[in-house]
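Got some structures for you, see below.
Two complexes, one shared chain (subunit A), two partners (subunit B, subunit C).
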Partner chain A sequence: MAWEYRIFKDLHQIPREEHVFPGTPLCAGCGGLESLRLAAKVLGNHVVYVNAAGCFTNLASFPFTPLDASWLYTTMGSAPAGAQGVRDALDVLIAKGRLPQDEDVKVVVLGGDGSTYDMALSSTSGAITRRLDFYYFCYDNEAYGNTGVQLSPATPYGARTATSPCAVRNPVGAVQEKKDIFEIWRAHRPPYLATVSPRFPLDLEEKFARAAAYRGPKLFLGFAACPTGWLFDPAYTPDVARLAVECGMWPLKEAIDGNVVHTYLPKLSPIEDYLKLQGRFRHLFEPTVQKDALAHIQATVKAYWDRVQQGDSV
Partner chain B sequence: MIAVRFHGRGGQGAKTASRILGTAAFSEGFTAQDSPIYGSERRGAPVSAFTRIAKEPIRERGIITRPVLVVVADVSLIGDPAARMLEGIDERTAVFVNSPLTREELRAQTSLPGRLTTLDLTTIAVREFGKRGAISALLGAVAGRLVGLRPESIDRAVAQELADLGVDASLIRRNQTAARHCYEAVPLVPVEKDVRGAPGPTSLRAPTYDPPTRGTASITAGPNSAIRSMSGWRTFRPVLRPDLCNGCWLCFANCPEGAITIKPDGKPAVYYPHCKGCLDCVEVCPTDAMTVERETEATKTT
Partner chain C sequence: MTAQMMTGNLAAAWGARLADVDYVPAFPITPQTEIVETLSKWCGTGELNARFVTLDSEHSMMTAAGAAAATGARVFTATSSQGLLHALEVLYTVAGWRAPLVLVNVSRALASPITLEPDHNDVLAARDSGFVQVHAETCQEVVDSILMAYRIAEDPLVCLPVVVNLDGFVLSFTREPVWLPEAQAVRAFLPPFRPTHLGFKASTPQALGTAVLGGSTYSYFRHQIHLASVNALQVHEQAAAEFERCFGRRYDVVEGYRIEDAEDILVMSNAFASKGKAAVDAAREQGRRVGLLRLRMIRPWPADAVRRALRGRRAVAVLDQNLSPGQGGILYQEIAACLYHDVARPRALCSFIGGLGGKNISEAEFHAVFEQTAEAGIQGQGGGPVLLYTEAEYREMEQLQFLAHDLKTGR
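Coming up: the complex of A and B.
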């Protein structure tokens, strides 16, 4: 059963209004900013962003802000708790009649992968369990990027980071597998859960538009190609984002009440196409090709899509 | 002591250049010290790095406020107050600027003080590497030549420092070739070898506090970041050829900054003060209507 676009069918439907304005000090070619800008076009400006410390902290560095929405800054581990506070305050004020119903706003958590996969995991789990009515947008650049690209639980096998260097004893770099946060979240059965990539803008816009119909936790994992941390020229951000999807390493999917549907069936081109673009994987190709590591990555991807083909839940 | 200050934009290689210079000097028997300013060193944001070279042990630490040589990797830094490139520069300071302009043209455009010298490193790098990339080896070689280090030590330092960063062997060789070319091509200016006057005492001043009614910041401002110009971040700019544009909006959708707007006729337009020069729009354009031009103006107004 192919997934169909119901709301966004043409690129020309992407709203021209901006809600994330230019002039941020984020890196040129930031894949996370690219996703956020597209997401905000659907979310609009009746929003409180609850930001977990991370790269996006630089978005609103006083006295400047690129947002025409509100902004609350929290620690890495407590953004969903902050969202709960904001939501509760809004509910109480509306119930007491001190805030008109039409001034209600969406509560959107912004968190990097360090926060999402690691420090804020328990806080997020609690918020989903409590059925908190909020959005969660994770910009996943697969490392603790803002502090100098250290290993995070989102770092994939074989990637080189500041704390998983390619060394004689450990030539592949990161030896752990990327934590499957999608499945951890899905186990909570949230009403809406999806992965997005900015190189698939219609898919992204469609998912944010669909999520609006659900009450409760609406969770998004955004692929954030990172020129600074992944060591590629910023011009290749769109190519990296496209190849991650086409190689099958970043499946585009949504899960409504826990039922997974893949929204795009990739070509499953060889993973080398994706890895070779990035400096963080170069040690897998030079000075010698680490065939075992590459075969392992390819096998992991293949195993995933085999399960999808067989119609298993993932 | 020779105090050298490097200015670049994140990703250009100012920090590595300071390391190459320090390593080369150390291998010639000097004491050397190098350090970057640590902060949010984002790609495109102003970065500086410092190298001290001396025959005797170096007791001084920290940032260099009175350099004898300043190496500028990007001409747009001159006009960027955040880069603090002009700090501590007078007519005796040697100033190298990566620019296609001659020293006279640059002086006329920028009224920079100091003993100016220029070389177009970006063109050399693009020719040698086939694409844009870090020019750390080239900056290091120029600095090494100006302070009087030998080409062989620069060669070795380039290999060592780039290998430490995981750069592959063939690219290191191309860096060495380009570095040697720059070493020989850079027009020489004298660099003062002595300590440039003891750093004067910093005058401390008690801050004056405004009453809270005046001094409290407005936290209800709208999206005001758009008043900042990002033009200085670019080393290359995307240029639209309207005749080739098919109006697909992919560039508009994929611009991370929102620097591309759609005109009433449905065609995109790049608003340059908002463009950081990532060139994502060039990559996604299906009809090659977005082309690349190098930034050359010293003071970018658009």
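Coming up: the complex of A and C.
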């Protein structure tokens, strides 16, 4: 059964109110910021963002913040535990009559892939297991971006980073496969889990709106095209974000209570269309075409969508 | 009112219960477990109207504790040793948030080699985090110090977290008579926590822990933590006076034991100070004019109180139950620093290291400490660090090494 939009059917339905204002210290063309901006339109401003160390930590730089919501910077490894403390305290204070119900706020973890995929995994796993009522938004730019773009467990095969260089002994760059954090999260059976891309704004808004109906962990993996780290002109952020989905490398999907549904069936355009836009993959094309590497990437994508076609969960 | 026999851990749990805390994030570690087990039970029965949550690590536990305190709840948590170090990053973080929570640390020596019994390298690793540190000698002092700790932490002049330290095993698992204050009297001493400056409310968003760039902003905020910590000296004084008025027991930042006429003074902290006091009594019977100064508050450092107690003495011995490899005793350094400018500073300052990993300090070792300290005072020359270690212990160690190595290898 095809996935249908229930709440957001038309771009005009996206709220006009902004909660992430211009003038942040983030890079031009940051795809993660675009996702956050869209997400905040649904989340509103009765929110406390609990932040882990990463690019978004720059958002709230004393004395400025581009948000009209609250902010708590924690550590790189424990933002979900910070969310736990805030949520529990809010619940206790409301229950004891010390905080009016209408002062309640949503608790939203903001972490990059560096935090999310590795260091904060224990903290996230704990929060999901405890059924903490919170949102988790990971802006995934597939590298330790804020430190200068080093290899992270989210870095895909074939990407060049500052610590997975294309070299004589290792012409491919990153030789690992991107860690499947979606499946790791899904194994915890959270009530709501989804991937999003800012170039599919209705899909993104629909998912944040749907998630609001669920009590417990609501997790989002946001594609964060990164001009600085992936080496493309910031003007191409929308194209990169679109092609990542269309070539099949960034599946748009949701899992309610663990049941996966793909929310968009891509054209499965050749991966080269996506890779060629980005300097981090340039060594796969110049000075010689690394055919084996490209074939490996294409085969991995094909295998994924073959499983989807066969009705496997992923 | 009669005393009840209870362990230091149970006394710590009672401290949290009497403080009527709202939230207890927890993670078990020996020798702290009885504290969280007890609080979990009380939260279950409703004897304590708080939420108890087991986190996935001490790092998460401290984050949740700080975040809840920053949201406006009264928070209690407890850990020990490796757990405290696992949370070390977060100790600095929550102190920077100015989250006024109370943490109990049940001291246990650090790996490796891994062990269970107490020394103070764990809590002293947190020395520079911004936490106020109070070190308890008895189970009674544990519960009393926790109640005082909330008053200090929540005082607008301080707004910092406090760690109350008690020794693992020696105090945590040892039953002593404890007079529990009446809950109603505690409410008079420790009013409910109703901060107006903390919290994440829908109507009044605020940003906490934001990034700062450029050293001048960072310097300003870190120095604010320092000034707030120094304020804790005067706030402690008020809390101590009020505590004495309410409950009849008095605690100062340092405790002098038979120091009035003492020529030489032994400086100690925590539960082993009880052994030190007994050694002072024994030495006095042999005609030595000695006394003991127990350090109760380690941060802020009570420099004036230490100077007042030690100036004009012939010699001072600092018995550190910790070791900074390559340097020696940690508290020895601090005492030396605060005596430097005093014209009447002792003629000699001696450094001893004892009780590492809970090693006993025997009467003979204390006797040697007093003897060497007196001699140093006469000569006007201090020294150390000297490790307290008996010949019998060394022979036993040789036996163990024989079993571990020589027996197998034949060498």
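The rule we apply is simple: the second predicted complex is superposed on the first by the 314 of 314 C-alpha atoms of A that agree within 3 Å, B and C clash if a C-alpha of one lies under 4 Å from a C-alpha of the other, contacts with A are read in each partner's own complex, and residues count from 1 in each chain.
Heads up, the rule we're going with is that a contact is a pair of C-beta atoms (placed from the backbone, for glycine too) under 8 Å apart; a residue touches a chain by one contact, two chains touch by 3 or more.
The structure displayed is predicted, hence computed values, not measured ones.
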Report for A:P287: first if it touches subunit B alone, second if subunit C alone, otherwise both or neither.
first
Touching partner for A:V48 - first (subunit B), second (subunit C), both, neither:
second
Regarding the shared-chain residue A:G158, is it in contact with subunit B (first), subunit C (second), both, or neither?
neither
A:P266 contacts which: subunit B (first), subunit C (second), both, neither?
neither
May I ask you to decide whether A:G248 touches subunit B, subunit C, both, or neither, giving the answer as first, second, both or neither?
neither
On the A-aligned overlay, A:D91 touches which partner chain: subunit B = first, subunit C = second, or both, or neither?
second
Is A:T65 touching anything from subunit B or subunit C once the two structures are fitted on A? First, second, both or neither.
both
Kindly classify A:E34 by the partners it touches after superposition: subunit B alone (first), subunit C alone (second), both, or neither?
first
Note: overlapping subunit A surface for subunit B and subunit C spans 58, 62-63, 65, 67-68
For the complex, give me every residue of subunit A touching subunit C.
45-46, 48, 50, 57-58, 60-63, 65, 67-75, 77-86, 88-93, 96, 98-99, 102-105, 122-123, 125-126, 130
For a test of understanding, state which residues of subunit C touch subunit A in their complex under the given definition.
22-23, 25, 49-51, 53, 55-57, 59-61, 63-73, 75, 89-90, 93, 97, 194, 199-203, 205-213, 217
Under the stated contact criterion, what part of subunit A meets subunit B in this complex?
11-12, 14, 16, 18, 20-31, 33-34, 37-38, 58, 62-68, 146, 160, 166, 198-199, 201, 227-228, 233-239, 279, 282-283, 286-287
Complex contacts: residues of subunit B adjacent to subunit A
10-11, 40, 42-45, 131-133, 166, 168-169, 217-218, 221-230, 233, 248-250, 252-259, 261-262, 266, 271, 274, 276-280, 282-284
